[in-house]
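Each structure below appears as structure tokens.
One chain, chain A, links the two complexes that follow: it is found with chain B in the first and with chain C in the second.
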Partner chain A sequence: MSQKKSRSRGGGGGAAASGDDHEDLARPPPLQAVLLADSFTLKFRPITLERPKVLLPLVHMPMIEYTLTWLESAGVDEAFVFCCAHSHQVKEYLDKAGWAGKAGAGSMAVTAVESHDAISAGDALRVIYDRGVIRGDFVLISGDTISNMSLKDALQEHMDRKKKDPFAVMTMIIKHSKPSILTHQTRLGNDEITMAIDPETKELLYYEDRADNSHLYVTIDKDILTNNPTLQLHNDMEDCYIDICSPEVLSLFTDNFDYQHLRRHFVKGLLVDDIMGYKIYTHELRSGYAARIDNFRSYDTVSKDVIQRWTYPMVPDVVSNRDCSESRLRRQGIYVASDVTLSHSAQIGANSVVGSATSIGDNCKVLNSVIGVGCKIGKNVFINGSYIWDHVIIEDGCKVSNSLICDGVHLRAGAIVEPGSVLSFKVEVGKNVTVPAHSKVSLLPQPSNEDSDEELEYADTNSGVTDSPPFSSMRSSGDQAIVPSEEDESGTSETGTCGVVGYIWTSADTGILEEWRQSIAPIPKEKLEELERAVSDEDGSEDESNNLILQDKDDSSDSVVEDDDHISKFEKEVEETFQRAMGGGVNRDNLILEINGLRLAYSLQHADCAGAVFYSIMKSALVAAQSTNNTLLKTTGEALVKWKDLLRNYTKTVDEEMEILLKFEEMCQETTKEFSPLFAKILPFLYDTEVVTEDAILRWAEEKENADESDKVFVKQSEDFIQWLKEAEEEDDEDEE
Partner chain B sequence: MPDVQPLVSDFVLKLKRRKVEGSHAVARQTAELLRSVVSQHRMGSSANQAAALADAVRAVGEQLIAANPIGVMAKFFSSTNVDMQDMNSRMLWPGVNPAELAVGNIVRRVLHIIKEEDISSTAVGIEGLSVTVDSDDEYDSEHDDGPALSAAVLAAHARNALRAPSLQTLLEDIPVSPAISRTASSTGDSDGKSKSAGDKSSTRKLKHDVITAIGDLIDEIDSCYEPISEQAVELIHQNEVILTLGRSRTVKEFLYAAKEKKRSFRVFVAEGAPRYQGHVLAKELVEKGVQTTVITDSAVFAMISRVNMVIVGAHAIMANGGVIAPVGMNMVALAAQRHAVPFVVVAGSHKLCPLYPHNPEVLLNELKSPSDLLDFGEFSDCMNFSTQDGSPLLNVVNPTFDYVPPKLVSLFVTDTGGHSPSYMYRLIAEYYSADDLVVRRKSGS
Partner chain C sequence: MDFQVVVLAGGTSEKLSPLVSKDVPKALLPVANRPLLSYALDLLEASDLKDLIVVVEGQEAAQLVGAWVSSAYLDRLRVEVVAVSEDLGSAGALRAISKRLTANDILVISGDLVTDVLPGAVAATHRRNGAAVTALLCSVPVSGPSDSASSSGKDKAKKPNRLNIVVLDKTKHFLLHIVSGTDVEKDVRVHKRKIQAVGQMEIRSDLMDAHLYAFKRTILQDILEQKEAYRSIRLEVLPHLVRSQLRSDPSGNGTTVEETGNNAVLSSGNLQCLAQHRVIAPSAFNQDVLSRSRGGHRCCAYIATKSKYCHRLNSIQSYCDINRDVIGEASHLSGYSFSAQNNIIHPSSVLGSKTTIGPHCILAEGSQLGDKCSVKRSVIGRHCRIGSSVKIVNSVVMNHVVIEDGCHIQGSVVCNNVQLQERAVLKDCQIGAGYIVTTGSEHKAESLARK
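Moving on, here comes the complex of A and B:
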């Protein structure tokens, strides 16, 4: 009997594990992972003052749960969770969710690594290195990454490459994703990344994630171009922030103790400094999903991806970590838990999730939103595009759009939360109070010792800040009264009618202007229109930003744009000089010298000078002549006679004479239309004063023959004169014969 | 059962993460798990051993079925042709895993096995007096239909002799369905032989018998293709054209068997978007030398007039004769009906589900990742919510299953032979006992 027992048990286990056995043989050392349960940024403040980012719920499940689940299903045997800020909370969660200390066959062992003085990813990896727990290749991921990709291919590629080239230390997972042309952002709200990749080997050659959009060009080291016969430039790739690393990566971090940021310091450092010839490769994700939640915008985007099931099987109706009753998927991506109290007149729109034990009152409207567990929502509430966490009370007639509302928030009747707002834990909003767009409200005051270096924060937040309430950091916005947080009920009720319980934070380092980039709210219409206009102004250069033409081409197009500007400036200066000369004082020779000086300063041709001087002369004539055509003709004649010597200085060749004619034409068409009826009369005059020769006029007429009708107006006007010139020339020719 | 709990939660996790897929694999693993549950179960000294065992299985079964948190409302219709004693089971049915109905099927099968073993042993103990009331022809058909099961029962009886009379009380608790009594009647002829067995305690016997019977069930699941494919030559005739959709292992074995018997026929394979399993099947068929034509799913209507028979696999067969099958199947069934082409469903008995479907297109379905349909990168700009007005404009729906109503099915071929859709409830009654339809612990309900 006992024999039978063991056999049957073994049979059960063996069959379950048989699928994995082959993989085990292929990769002898256990696959390890380092999970950074700390983002080392401030993007999710003020929420992260009270709860670490990785424990923030994303569609009812903490982010770290997605990450751990994925690691386990991707075949990782051992994961090290590095926690720093709020480490006790993270560890508590790992215990509670059953990750820690679970070391059964086939499941992943999770170990928490704690450190309190780490202030960056670099520090975290140095701590991991000191522990000496990483024995082989490992997956480096941060706790806010959502993925369902299969690691097998990427891992295999990494292994194969390493066998051939021991210097291939890292494989970066990237994903195709088109950034918006308007905002130069990925859909996750990050700046678009420019990468240069060798199409053959997939080696990463260049990485820039903070490209300055205003310039629309990238600068790539000449060596990269010379050393690599082919390279692909991408701006349509998204960095998934999932890396497969060799153990050397850890020692590199230890050797270069100034490396803080994974991308900005480590990747760029490796690419630019060429340390020991280490190389980084990329693996493009073909099927599967991966994204990192870096800011509020990506929180919104990834939530929607989860609801739309891109992260399958990590979708609300399949996995639920809590004991809450299962949610059910209805049509149009609506997930409603089975024990939700839903009024018959309440309307739940597409792509919404409602957690269990939540009640929703009459005539409510919920669109594109996630509502947590145990919320109470009153009557006539309108919720759009918002993320409402657990146990939130929203009273009748509230309006919440595109905002993030944390646990325990209380919105009293008629409160309005405008787009982009973030209400942190237990904030209360009074009756009929409007929380202005993009405001961040927390019970904790904003730390006053804000320094702009975002790398160096987040870690030490759970101590030192909370115990000194700096009233100076309270900013009142508009007409509403803000009362500091008070623990007792009397305080809150007192302020309940007039404002918000909590501190309204001023936007930290980004400034209110940039707030729209990374908030939950969609970009306002006006902003989009503005950007659209900016793009259409740039016109041709827009194409370049899409296609990523190499730098030299970019430069040339830039210089053309600058050119126009240049010349008009020059003309203006010439005109000013000329006017000074007209007013007397300046000697003619000096005038020529001065104009020559200007020409050299602007590094222009003689022809340009001729045009400019001619323009100035004509302008002066126009100013002197006041209005009528007759006087204008007269004064023009006088001016030309007076200044023809000056002009002749510049009209050495036919080209320059042509320039004068073209300039004259342009003036008639655009700037000084007064001349246009007189064109035919002034042209013979120019000929007579020998400012232009007959060759120039004939060539001008010839050139214009093929032009548009509109351009031919002046040629037609002076047809008689040109005809006469031609005949005269023929006569000359005959004479010569 | 603290010893099996890790195994159970491991399997639950696998089900949740969709790591085991396909009704065959799921059925097998469920049966194996339940076998270890039974073998680990410590038989107490309580009088009602079988009930305790059934409770243990039920407890595990509940967890397994709840592994998928999609609440499925499968309603039990009060159709007249269902001889269910317990009409109380006409209730809402939460927590059915739509992806793997096989889990629930196997749990119920095991419960049924426990009951049968218990009854048979009791019956032997009291000389089969109480059970020899049913007609003989029904017994015969049962004997033919489920040889593995009957054999197990017979084998068990051969070893059993002494019965604790206290187990008789169990019978009074259980509403005896005709199916049970029929099976129990099979003990009639084995009575004489079984007398000679030793003096081991009855509880151990029961447990041992159940374990053996579950082992037989596993064998049955593993070898279900053989009895099905034996019927291939009867259905596929010379120079016929067969159409199938996607890939089903049962269909593949069925066609292989016909080919091995030197039948010459041609197969149209609809590729089965978006997973394109049809391509795999086409490859496999060509390897065996079958004339194969691959068509798109949308070309089914165009080709159906040239087809003699449609043979497809199923994900689950419901009690009303409806079929849960890969997406696109309803369209094929409609095309077949339009042109009066027989629509044959081949499926092992572990796919028989004793539930009646209610709104199965939605509730017994599973929406998978849209990445099967389109490339995320290509469409990422359509899903940039920041520049849209915050609400997604592009939605992609990727359902896994289709529901084919019984009226569109001509014939079911299971390991017990060919049946018409209206007979399925009867077949199901042979495998499951009516009061197990709701897998709930007695204490809980």
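Moving on, here comes the complex of A and C:
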């Protein structure tokens, strides 16, 4: 209606628009939105091999549904859904859900735009530009964004600014969120962002989204500072990935055909290269919710937010579920559909959702989890913090914690799914099989090289390893990737039946060490403690090079601390490497290579290596051993025999052997006191296995002679042995004579 | 208030020659016919800060300042004038009188500060925040408040070469980083850990250090003792304090407090919450990081609003600017009441016929002007004798100056007892005390002084 009116008035004279007697008339052409139904990342692999990310259910509803619903409620008149990977599925969904072809008054028209060769957001926008469908300012959003914010203020701001300054081409929505000091990521699992904003105009002046701690400093260009005497540096903002763009943005993408990533290329390009003086502004969201599901952790976080009703009105009991009866909200954020078969002895804990036609057996316990439609859950099943999609069968006695389980998965009796796992569609897990933490299982093999039809990781949004080419790492791991369907490391052979039907994917580019950052599982305690330590270690190593002052005296003491730290970090890394080797897999030669690599990286001596390796071996023995001294002695012996070749690699001279002895002593005194009573017994053993020679032991004893009483404890303990060595030496001498 | 004030009054600064000399140390340099130091002292008196130590470089200068202070501020302030040797720097001067400091907090003010920011406000902020140091920051005079007519072109040319960079926290109370006088050519680098700790910080390059600080005495004395090489408060002591505020104290008990705090968190089983970042409140910084930052070692800033006047008299240019401002825009600083014509003409002065005194002028007692003179935006001191047809524009004429007929003075400073013979023309000059400018001579942008 309003459009018609404005058209008839428009004929009278364009200038009349300023005289607006009715607000609607002053409004420019209909508000449009571009929705990218493809994230162009691989974060949700292996699930996204079979279903596009935007159709993955988030608390029973596909993500794109949230996005479209929000766009409609925010007053968008026309939305273009750009689909690439699995485009037919997306289109099918749009048809089925009644979005496409809906063109009544007051509702949003949805058009699908399809392309098969786009590999990035940049390509997608170029396709949109070629279609020539965007006529005015538009909202750019990706199909995995959940929000309930009001766009009105942001839009108004954008329009006003554009009137004054035609170069203001984009308004970015940001939200306050303080990243953890320990993990440097937000609660959504994104890396922290550093941005500089002019407090007056809200212009974005600097944007950095990599948690690359190798750069200790944020460097702000001198020109920025001379032009903006005041600027705010934020680390406590989160990018909502909702942008209000002018049509110029599309042509900018077309002009700069190498722009792929929205933030990394486009925003950086505008800010750094200063193309044509275009500017980007920000709008801080103060009320309302907005978050993008970028990885498994944000999937978890956002799901919880939905259950806790932060996204109202997009909450389970308000948004009607098409294929089932509505679910009702009970106390403590429990939503249970009306036709759920729930055993009386089953317990549903707080913040859980159970879909319709699902049956839950006796003595089950469901905590903080979402269970889909038509699932069959047996007896004595324990489910905690997990997302179980539709038609999943979980037999008796299973245990699932902090994992994502897709449609049609079958867990046989007694299966255990450890935290952080992802079981893709129709995977079967055998009886009493344990799926180890952070594993990803799919019926489809892990792709070993590029397949152009799928989502491609062009510019991986946030992982720390952006510099490496996207697929090389996967290819290298491909050698061991395809695990035959009957295999699992954790002793499945006893069951007789197959372990897991499906391929266990090796973790792709992020590597096992980084897995904790973005998985559903909470960050392990040890990791946090480790980070905590790292943070307090770093304390005080402030750099002062930017100041005009000479180095202070106290800085020298800092550097000593740093040195200590340096070695302990090295030791920790060696230990980790070693443990990986123990866990199996790593070849001994490779292990030596790796340790040498570490040594070079930390620029340390051979002797330090010897100490570190010895430390790791002893530590491993300690871990394996039970409490009694006898077993400890035994395991130590075994470990030493097993790894003596490795150690000998580093004990080429007496100095290095000495280092081992000193290290051993230090361990007994400080870190692993368990060894202290066994010192005298292990020492001969070291001699027997030729890890240390008698020269080293004698020199060590000599050196310690003048030391403090407290230092001599161990020399005294092993006095007999040393005595024996001395005599033996004399005998040798005599023999030679 | 338990505050002790140290006024660093300087000595006979080289920079200001020929205006200052043995007879007129910097502290007594007349600004709108009042000694410079009186601006700072009046301000302190207005804030009820009455325990002062005035530190003067050089014995002779100290005597002169002492004589003036004891006559002018008798019964008003308890002032102790202390002489220190020259070239110690501001930190050195403080170190020299460190033994005399007894109060809990010390306010250090530079004697050449002309401002209307009350030191009491800075002191109160200091107390309220329990800070180790509070510094007064004021806006950098980007192009000079009132010299739009005279030297705007000049200012533009000299503006971008040095930047003071001040980094503040979100509340604008705490100083996180301070770099004075970096090269404009250098990019600014901020340590990431600092941003991570505070979440949000504000980088300002339009502020400058006004040389007014409130220190906690113990901390100040410790630093002066430990860092014997430090000479400047602004360049060394303050940056050191700011730098060290986030650093763990190697010997102190701060670290243990921190550790127990962490242990409490770990043991109370909140780790899961921590893992999901749910417990980190937005205001965590203020309560946690700063309050436990090692025994109240906090660096605060008091930022003067833009409307406040705040300038230091440390160059000839600034001397001219401040004189002009004090009788012009910032006339409330001068302490005089201006007439309806916006000027002050002492009743004892004598004006010839057709002589005009424009607005923003001061004519002090006992001065005489001949006929057809014109004075604009200038200060004329006591007992000057000025002939006929003399033009004085944008200038400062001190006491007992003789100006004969037909002289033109523009943008210049003429010190005590100078004699300008007939038809002398001065433009942008500084004439030292007792100098005689000969008949008909013309000078431009020169500095003249008696040998």
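Note that the second predicted complex is superposed on the first by the 460 of 737 C-alpha atoms of A that agree within 3 Å, B and C clash if a C-alpha of one lies under 4 Å from a C-alpha of the other, contacts with A are read in each partner's own complex, and residues count from 1 in each chain.
Here is the rule we use: contacts are C-beta pairs under 8 Å (C-beta built on N, C-alpha and C of every residue); 3 or more make two chains touch, one makes a residue touch a chain.
Model, not experiment: these values are computed from the prediction.
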| said: Per the contact definition in the header, classify A:Q232: touching chain B only (first), chain C only (second), both, or neither. | reply: second
| query | Does chain B (first) or chain C (second) touch A:K222, or do both, or does neither? | reply | second
| request: Figure out whether A:D317 sits in contact with chain B (first) or chain C (second), or with both, or with neither. | output: first
| So, does A:T341 touch the first partner chain B, the second partner chain C, both, or neither? | neither
| said: Contact-wise, after the overlay, does A:R309 reach chain B, chain C, both or neither (first, second, both, neither)? | reply: first
| request: Once the structures are superposed on A, label A:R331 by its partner contacts, choosing first (chain B), second (chain C), both or neither. | output: first
| said: For A:G288, using the defined touch cut-off, is the partner it touches chain B, chain C, both, or neither? Pick first, second, both or neither. | reply: first
| field | First (chain B), second (chain C), both or neither touched by A:K178 | value | both
| task | Have a look at where A:N630 lands relative to chain B and chain C in the superposition and call it first, second, both or neither. | result | neither
| message | Under the contact rule defined above, give the chain A residues that sit at the interface with chain B and also at the interface with chain C. | response | 176, 178, 180, 182, 187, 236, 301, 522-523, 528
| note | Touching chain A in the complex, chain B uses residues 6-7, 10-11, 13-14, 16-19, 28-29, 32-33, 35-36, 39-40, 66, 68-71, 94-95, 204, 208, 211, 215, 362, 367-371, 375-378, 380-381, 383-392, 395-396, 398
| message | Applying the document's contact rule, which stretches of chain C touch chain A when the two form their complex? | response | 160, 163, 165, 167, 179-182, 184-193, 195-206, 226-227, 229, 235-236, 239-240, 243, 246-248, 250, 258-259, 262, 266, 271-272, 274-278, 280, 282, 284
| query | Which residues, counting only chain A, touch chain C once they are in their complex? | reply | 176, 178-182, 184, 186-187, 192, 194, 196, 199, 213, 215-222, 225-226, 229-237, 301, 522-523, 525, 528-529, 532, 536, 538-540, 542-544, 546-550, 552-554, 557
| What residues of chain A sit close enough to touch chain B in their complex? | 1, 4-5, 8-9, 11-13, 15-16, 69, 73, 104, 106-107, 148, 175-178, 180, 182-183, 185, 187, 189, 236, 238, 287-289, 297, 300-301, 304-305, 308-313, 315, 317-320, 325-333, 338, 350-351, 367-368, 384-385, 402, 521-523, 528
